[in-house]
Amino acid sequence: MLTGEREMDKDIIIGIIGAGRIGKLHAENLVKGNMGVRVKTIADIYMDEDIRSWAKDLGIPVVACNVEEIFDDAEINTVFICSSTNTHTEFIMRCAQTGKDIFCEKPIGSDLSEISSALAAVNKSGVNLQVGFVRRFDHNHKAVRDCVKSGRVGRPEIVKITSRDPEPPPVDYVKVSGGIFFDMMIHDFDMARYLAGSEVVSVFAAGSVMVSEEIGKAGDIDTAIVTLKFENGTIGVIDNSRRAAYGYDQRTEVHGALGCVKTENDTANLAMVSTASGVASEKPLWFFLERYNEAFLKEVRDFIDAIQGRREVSVTGEDAFKAVIIAEAATKSYQENRPVMISEIVC
Amino acid sequence: MLTGEREMDKDIIIGIIGAGRIGKLHAENLVKGNMGVRVKTIADIYMDEDIRSWAKDLGIPVVACNVEEIFDDAEINTVFICSSTNTHTEFIMRCAQTGKDIFCEKPIGSDLSEISSALAAVNKSGVNLQVGFVRRFDHNHKAVRDCVKSGRVGRPEIVKITSRDPEPPPVDYVKVSGGIFFDMMIHDFDMARYLAGSEVVSVFAAGSVMVSEEIGKAGDIDTAIVTLKFENGTIGVIDNSRRAAYGYDQRTEVHGALGCVKTENDTANLAMVSTASGVASEKPLWFFLERYNEAFLKEVRDFIDAIQGRREVSVTGEDAFKAVIIAEAATKSYQENRPVMISEIVC
Amino acid sequence: MLTGEREMDKDIIIGIIGAGRIGKLHAENLVKGNMGVRVKTIADIYMDEDIRSWAKDLGIPVVACNVEEIFDDAEINTVFICSSTNTHTEFIMRCAQTGKDIFCEKPIGSDLSEISSALAAVNKSGVNLQVGFVRRFDHNHKAVRDCVKSGRVGRPEIVKITSRDPEPPPVDYVKVSGGIFFDMMIHDFDMARYLAGSEVVSVFAAGSVMVSEEIGKAGDIDTAIVTLKFENGTIGVIDNSRRAAYGYDQRTEVHGALGCVKTENDTANLAMVSTASGVASEKPLWFFLERYNEAFLKEVRDFIDAIQGRREVSVTGEDAFKAVIIAEAATKSYQENRPVMISEIVC
Amino acid sequence: MLTGEREMDKDIIIGIIGAGRIGKLHAENLVKGNMGVRVKTIADIYMDEDIRSWAKDLGIPVVACNVEEIFDDAEINTVFICSSTNTHTEFIMRCAQTGKDIFCEKPIGSDLSEISSALAAVNKSGVNLQVGFVRRFDHNHKAVRDCVKSGRVGRPEIVKITSRDPEPPPVDYVKVSGGIFFDMMIHDFDMARYLAGSEVVSVFAAGSVMVSEEIGKAGDIDTAIVTLKFENGTIGVIDNSRRAAYGYDQRTEVHGALGCVKTENDTANLAMVSTASGVASEKPLWFFLERYNEAFLKEVRDFIDAIQGRREVSVTGEDAFKAVIIAEAATKSYQENRPVMISEIVC
């Protein structure tokens, strides 16, 4: 189905692939978020009683072990891809073939040529594709970006992103994650482009194993600082850690010709307690489910609005592709201990 | 129906009286808040097409001009009273007579003997009654209260509440509002009791017309400071203004033997912009719908939980009564320019 | 010596009366503050070796037990009165008689007619008199005042002052202090006038003994909230406590027609530590010597500038008189549990 | 004079070389700071009437065009080297030869072998040498360091330093400055070592000309981000800009195994103004004279204490040498666009 032919305000009938944490989260937001859509099917190759029971309670009528039940269902016109990264490009292709709009979790993939092929298929078919860079929908980061766009701080000169998880994932997860740059910093690569308003031209990655020897044994690092150079001369820096004892640390900053805008972490409340031992306030919200709770809802609402109104989606396949390229360059930079040009990755 | 006989986890079928701003807000939270309840009827003596259309969209099947349609409906077991203050006690009596649980907006009334009678009827019938002191459910004020209860700041010595509306209501509203102490500071009287953990014994009210001459002509004031003395020796102070150019100003503070806990206003985001002209951050959220958005949801959820689980409701008719008594004392104090004992009001 | 006859930039030769904490502080600021003045004599009826040794180290040539050595010394043209409150008016009279400029610590006295007489003598003689309301020279409170004066927050409507000492003074001190309103809140009465830019017309004082039973037995209170009404309709509130476990709590706030300006407490540094147990920052500076350290220096420098340049001093005897009147009214209000008009005190 | 032979609490007689901004600042702190020292001579090859007049007012008896007047003066036992960087090592050698203790401004030099020779001479002669890394004496940065040392945030994993000047220096200054890494970031290299408690092993520098084309034409950059790797695995990042429209931006942060400590900028006051247009607070203090005002005094006091008490000075020649090596590595890294090992610089 081509863009020009789609109807405005069509009924959205959704199939969700993957019933893990993020698949469930999107399902609940779609069902309870009063968006006027219908979640018809959820598919997962690891189907069990818990998922069936959860789906039933939520009112999702079809539970499937085979994703083909989604692609074969002509009524389903929209698919949420929330399965493991290695399946993303294949499922995107299948959606494109069957004319279904796509919301795909990040990262869109790890193999650049597969991603290229998938995006080509999407373009050809004319379906919509949005990628789950949820942080763009966060009230704080968006306020930073809006401030930059408004010109209030002038042309960006320095972009700074701090992004630290509260605790490392299980090492088994780390082993298949693609490494810190693909699994964790991928969000920050997207955020850096979003804030700088310019494309990355080169990357230098420094990393260390400070948090978990197991992560080191698995061939990954847990602490990293990446320097980015942008086309327009802006320079950026991202620091990641797999552990922040005080919770999820998510801060952004843009320094420009006329000033600087930055944002602190959200907390559960603003109470401040002053006693003989000091002044104490709340820690940052613990992890992404708490911190980006609202953003996940806004992200899905934004996607539904886009495909209903036939306007362009906010976060495109191109955005997803570029973040992967930067992750590839960062990985190479870390491995070879030298700055890597983006043009070395894509030529 | 007496307490002892009610079933756990009964089906909650709700009738709402009053389709003004607050009635609609509760209706939407009940319908969209995934609470497992059914809103069957909404009644308003000023029924119009807008309300009918809104109710239809929300899926409320019955729209009535006559509240008796609610009281006469045996299926409805729970009533939200969101009509004008002067109708509250009568509707509470009718609910008690017909065995329906009650959520009543604040203030519960303005005539002390009518309130007494209504509460007596509630007690006799055994229905539940919760009053809409929504601020108790705010994350910030609750954190202050929890801190006090934990003993971390010691025995409360000073309680401070700042509560300022962004802009004055229409003067026609002011004329029937019962005055600033009944209409606006009533929330703070409840908050003061909630934070101090003690009962008020006397009140001194100072007031001024600073914001609107029209409010003054209507016989009311728009700026007020009230000092409270509590049974346990704690002293408290509330300041109210009908206008805060920067938005809704809602701060609380408790100073105790071991320290002090206080909370600032919520803002839409935490971005801070530093430029040559200074460091700028967001204003407080504009008004109660924004600031207490979450709290309104929590409040209703708390009420539904209470009546489903047959535990005591969180904010009782007694709480509502006491706030009205303090408002009465404050009004008298302002009029007679002298401190007024609570015992002068209730004897 | 009359104002008209004094020379510009005369040599300032200073005598200090009282070698207690505050007398020593002023002496050190005068000597080490590079003000181009000479401290010739310090007098104290309780002279001891420690004071002599301290004075010698500081380079003060004359140490006296008898204050008349100061009044009799024609070379001394400026006197700092830092002795106990009950001696202030007498020493002011003596300075006026001997033509010496005066810096007098707060409060200027406790007996209204004595103060009147002293001020009359000052006016007649034409000497300068500045009173030690040091908080006017604090960077934070001054910024609040400057903001109000600039019109940025519009006409003041509510003035709020929080002033809490870290710990109560010895009860022997309390007994001769004149009570919390004369000894402690006197500073806040001056601050309230300074911030409101209007004169107080009535006062209501509520108080409690929460901190120290001994203070209660001594006939004083340790916790107080005072409501002030100003000529221009502004209302104000001051809260005092003799104990703040977290240090000296000194905050001011002015709410006006166009907005609100307020200030927080200073801390020793801005480090914030986030750990699993929360986010911790520094307590307020411990007490007035730390918090108003700079202000004490600025205050003295301001006085020296004034008397050298023959401009009017910043904080006048009239200011001191008015603060005492308010303290008198507050004391009466607390004792009689009713609002007291300033006109009842001075007629 | 060798260390072992020096007397405790000797009289400190000081000669200052260089009467520019920083030389004058130290002179004033030494004279007015009540340190019990005597500034005898100030020498500058560009002597003029302004300096003579300033020195006279300050009470410095000898003003010289020739620095030899300082080295030849046997009474002078302590020298402050505040002349241009290219003279530092030579003057250090002369001090060592003449047995005078040395306070030398940063950087200690730019030629590594000259610095080595100078330090060798210092070691041989036994004179004290302290280098002017003033930021170590700042209350905020010191609080960060103290927190790290206390173990409260655990082993350091990430060190972050933001250091931005309010406005670029004249391009003539830039031309002889040695470049941003020697002139500006040298402070941050020292701070990074101070905070990390470990030695730098490699450096990667990214830079850009964003602020001033003239600086670019002069062969320098004005915006830079440098990544540091430390011996213990810690990674660090410094961002510098020659322009921050809002003032001097000086922030530090250490993230460790148990938490994170960071500090914000100092401001002139803590007033916050809330109006319809937002919440406004003060900008950071404008530049180093304001921000490090107290630190300059503490630094000199610390040096005087050290040389009087014969304890080791706080910031050694070795510290200065290491900062220069890092600056050398950063310069090389920027020029060759590759990470540079410290061992490439010193072998």
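In this document, chain identifiers A, B, C and D correspond to the written order of the chains, with residue numbering beginning at 1 in each.
FYI, a contact is a pair of C-beta atoms (placed from the backbone, for glycine too) under 8 Å apart; a residue touches a chain by one contact, two chains touch by 3 or more.
Source: prediction; values computed, not measured.
Asks: Determine which of the two chain pairs, C-D or A-D, is joined by the larger number of C-beta pairs in contact.
Replies: A-D
Asks: Same or different, please, for the chain B to chain C contact, judged on whether over half of the interface numbers appear on both copies.
Replies: Same; most numbers are used by both chain B and chain C.
Asks: Approximately how many whole Å separate the CA-defined centres of chain B and chain D?
Replies: 59
Asks: Report the inter-chain centroid distance for chain A and chain D in whole angstrom, where each centroid is the mean of the CA atoms.
Replies: Result: the chain centres lie 43 Å from each other.
Asks: Averaging over Cα atoms per chain, report the distance between chain C and chain D in Å.
Replies: 41
Asks: Multi-chain contacts only, two chains or more: what residues does chain C have there?
Replies: Residues 244-246, 249, 258-260, 274-276, 282.
Asks: Considering the complex alone, what residue numbers of chain A touch chain C?
Replies: Chain A residues touching chain C: 244-247, 249, 267, 274-276, 278-284.
Asks: Quick one: which bits of chain B touch chain C in the complex? Just the residue numbers, please.
Replies: Per the touch definition, chain B meets chain C at residues 154-155, 157-158, 160, 162, 164, 204, 206-211, 223-225, 227, 229, 233-237, 239, 241, 243-246, 249, 255, 257-260, 337-339.
Asks: Which positions of chain C touch chain D when the two form their complex?
Replies: Answer in residue numbers: 32, 34, 139-140, 142-144, 147, 152-153, 258-266, 268-276, 282.
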